[in-house]
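Inspection log for the structure reproduced underneath, given as structure tokens.
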Amino acid sequence: MSAVALIQALGSKLIDQPQGYPAVALNPAQLPDAARLAKEHGFMIMDVFGIDWLTYPGHRGKRFTVSYNLYHLETNSRLFLRVALNDGETVPSVTGVWPGANFLEREVYDMFGIKFSGHPDLRKLLTPDELDGHPLRKDFPLGETPTLFNEGRFLDPTAFRAGLIGKDVGLTGFRGGARKGVKSRD
Amino acid sequence: MTKLRVAPGPAGEAEFETKPLRINVGPQHPSTHGVLRLVVDLDGEVIKRLSPHIGYLHTGFEKTMEHRTYQQGVTYSNRMDYLHGFAHDLAYVLSVEKLLDAKVPERAQRIRVILTELNRIASHLMFFGTGILDMGALTPFFYTMREREKLLDLFELVCGVRMNYGYFRIGGLAYDLPEEFIPATRAFIAEFPAMLKQYAALFAKNDIFLSRTRGVGVISQETALAYSLTGPSLRASGVPLDHRKANPYSGYQDYDFAVPSANSGDVYARFMVRFTEMTESLKIVEQALDRLTPGPINDPNRRISLPPRSELETSMEAVIFHFKLVTEGFHPPRSEVYVPTESARGELGYYIVSDGGSMPYRVKVRVPSLANLQALEPACLDGLFADMVMNIASLDPVLGDVDK
Amino acid sequence: MMFLAAGLIGALALLVGALLGPKRGTADKLAAYESGIPTESTARERFPVHFYLVAMIFIPFDIEVALLVPLAVRFNVDPQFLFWQALIFIAILSVGYVYILKRGVLNWK
Amino acid sequence: MGLRDLFEKDVQELENEGILFSTLRKLVSWGRSNSLWPATFGLACCAIEMMQSTNSRNDLARFGSEVFRASPRQADLMIVAGRLSKKMAPVMRRVYDQMPDPKWVISMGACASSGGMFNNYAIVQNVDSVVPVDIFVPGCPPRPEALVYAVMQLQKKVRGEVFDDKGLALPMVEGWKR
């Protein structure tokens, strides 16, 4: 029962992931039965992860994407379920279907603040308890502390990064433009 | 609640009820193979509930990699699973090359396979050394570390460092192999099977080892798949899934090697699968060495790999490309990519989202040890407390991998 | 006389160490060590009676081994005689061992 | 050379005649420096190199650190091997407090000494802000020989044979003063 057959069964539109793996866009309500269907067809969950599209140039649509990386053992085929949602919306948890998704969902909650309804114990997984805020969100600072050298001279890492990201002037004043290096696909 | 048959007193059968004792096998503990904290509810010696607490080595890899160029990411990838650094480097580099459609020459692919397989043997040797040390046998640690030192010498010969290598470049390798590497590796291949016999003599027939590992911590096939276990632990439960065979990458399809698997799913099976896997890795290295032909080691496309040093004096164009790559790096197309590979602990893949800039927009590492660690609970439930130590050792989690 | 001297030296060493050694027992240092995590409950809790039974079994069998040692150092006696004597001694104790196995004290589950 | 000479002649003459003088403090710290038992505090990659430094090739046991005590009660040297995350810092401080005096700390590796390449929200940038560190070992990871050299330097520091760059003898580190 390969991935494509599952997608017809799900009856949702197939968005082709540019790098070759079929992906299916779902809304949160469809997720539980999609997961149950996938489990019956012999899919196992490999990964659950979130993406924050806040500063993605030219992104339309909702801010977060939670992507489920499903792998079918017999036919060695892989399928991605992608659920788009905004800040504050919740996603039904699939830990009931695959117990393996327990820690993965807790990690997405810890890193992005996306709540999974129905999760056995949704707590912080990786970051210390006193760290409030969700580190992998784009508006969370990297937390770089200036590097202290022995003569008491400070060096601010972002400034030092010589305009690599083309946003602020580095020490050398070189402003790297965001040129199109390799032939861009779209 | 333990109910123990006690001599009946005047009031008939007397039973002793005891509360489960909550023990904290904390982050600083010799048997947790790193900074893993387990809160265990014990009823006598029997484990009633086990909840792992992780995050004590959380280093924020993914957030930091979003602020580094693609080539700088290679220095971060091998510090996650520091026992099998080359597998992480290879997974990361393959993902970025798929993003860029880079053509890696055949010689570079073979060298990458040789180093990754040698590193897999070194990782399994550390697994055996510390795994049996947890059981109380001290001598195998020194035997396996002796071989591991030889392997680290080989890596030092090639990359200059024993661990945390920065040898893989996107589009090829940093520089070519030194001449002494091939005879040294051949010498290692010649003597290693005899060493394996020595280890087997040390513990394979030892009945303490057998009674401590046979039938302990059994993970059935359904539980393994439900907990998304991958790698040697899954193969020990009867599912021969190995991404080097399932979807080969970097030239693995040219070598023929067996994928050892067992189906008893207990600690003994997990030990033995890794033991036979070492001989398979050795076979791969030997075949790769035989097929190693001289040739270029970098992708000819100047936008991806650095021009050779000699060209810098002559052509101005090479200097421009060199400067471009060193300061800002390349700009891959805007897309997402995922390449599953097989590390010593399971399926490993880098899911990279690129927004056309010189730094990855989002890097998600599918780490085998996090899923393997979750399978610890079904393995330990209703088992003895001492067997939990063996279960942790046999699932072989590396906490740098788990906490990323 | 020799035992007295040995006992004296041992006691002296402990005494001098205890008296002269500096003691800095800060509150954190004396806190119970639980792999780096503050302990929630005291260790004085009801533990299953199984542990007590195992401790009880340990005592006789440990003494048994202790008593076998003098047999090994007797050199001027016919070894056959020593062997049979040890065998009788062990046979007596194995009756207790069989009783324990029947009673099922040793299996933990 | 009667007993009387012991009191009349000065120290230098007696030493020329072959009588060695030492103080109890020197003797105790000499003994202490040659039996530094490290507490296993392996965090990340440096812990693997710390294990390698105890194997048969580059043997740390030659310098008295034969056995790695798991519990801090029996250890007097803590080797912080690896990157210290902010969630682990209070645990490390507690384990350090539970070690009996005198105690010393070696901060092994770039990540422990300066945060290394992880200048972000999760890693403590310098272990010295959590525990007083005696020896910093550079390297990522430092070679086992570097760790052995660090233990040798610590032994000198314990014996009080350490001079700063102006040639002044640094005071013998009395662990229990901390």
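A, B, C and D label the chains in the order they appear, each numbered from 1.
The rule is short, and it goes like this: contacts are C-beta pairs under 8 Å (C-beta built on N, C-alpha and C of every residue); 3 or more make two chains touch, one makes a residue touch a chain.
Everything quoted here is computed from the prediction, not taken from an experiment.
*Asks:* Using each chain's Cα centroid, which is most distant from the centroid of subunit B?
*Replies:* For subunit B, the chain whose C-alpha mean is farthest off is C.
*Asks:* Where is the C-beta contact count highest, in terms of which two chains?
*Replies:* A-B
*Asks:* What's the distance between the Cα centroids of subunit C and subunit D, rounded to whole Å?
*Replies:* That pair's centroid distance is 35 Å.
*Asks:* Find the geometric centre of each of subunit A and subunit C from their Cα atoms only, then give the gap between the two centres in Å, rounded to an integer.
*Replies:* Computed value for the inter-centroid distance: 57 Å.
*Asks:* Taking each chain's centre as the mean position of its Cα atoms, how many Å separate subunit B from subunit C?
*Replies:* Roughly 42 Å separates the two chain centres.
*Asks:* Between subunit B and subunit D, what is the gap in Å from one C-alpha centre to the other?
*Replies:* Distance between chain centres, rounded to whole Å: 33 Å.
*Asks:* Using the touch definition from the top, which residues of subunit A touch two or more other chains?
*Replies:* 127-128, 135, 140, 142-143
*Asks:* Residues of subunit C that touch two or more other chains: which are they?
*Replies:* 36-37
*Asks:* Touching at least two other chains at once: which residues of subunit D meet that condition?
*Replies:* As it turns out, subunit D has residues touching two or more other chains at 72, 85, 87, 91-92, 95, 119-122.
*Asks:* Go through the chains and record each pair that touches.
*Replies:* Result for touching pairs of chains: A-B, A-D, B-C, B-D, C-D.
*Asks:* If you look only at subunit D, which of its residues touch subunit B in the complex?
*Replies:* 40-45, 47-49, 51-52, 55-57, 70, 72, 82-83, 85, 87-88, 91-92, 95, 117-123, 140-141, 143
*Asks:* Provide the residue numbers of subunit A that touch subunit B in the complex, in ascending order.
*Replies:* Touching subunit B from subunit A are residues 17-19, 21, 44-47, 49, 51-52, 56-57, 67, 69, 71, 73, 76, 78, 98-104, 107, 111, 124-128, 135-136, 140, 142-143, 162, 164-165, 174, 176, 178-186.
*Asks:* Which stretch or stretches of subunit A touch subunit D in the complex?
*Replies:* Per the stated touch rule, the residues are 127-129, 131, 135, 140-145, 147, 157.
*Asks:* Give every residue of subunit B touching subunit C within the complex, in rising order.
*Replies:* 2, 4-6, 16, 18-19, 21-22, 24-29, 37, 43-46, 382, 384
*Asks:* Using the touch rule from the top, collect the residues of subunit D that touch subunit A in their complex.
*Replies:* Touch residues, subunit D against subunit A: 85-87, 114-115, 119-122, 125.
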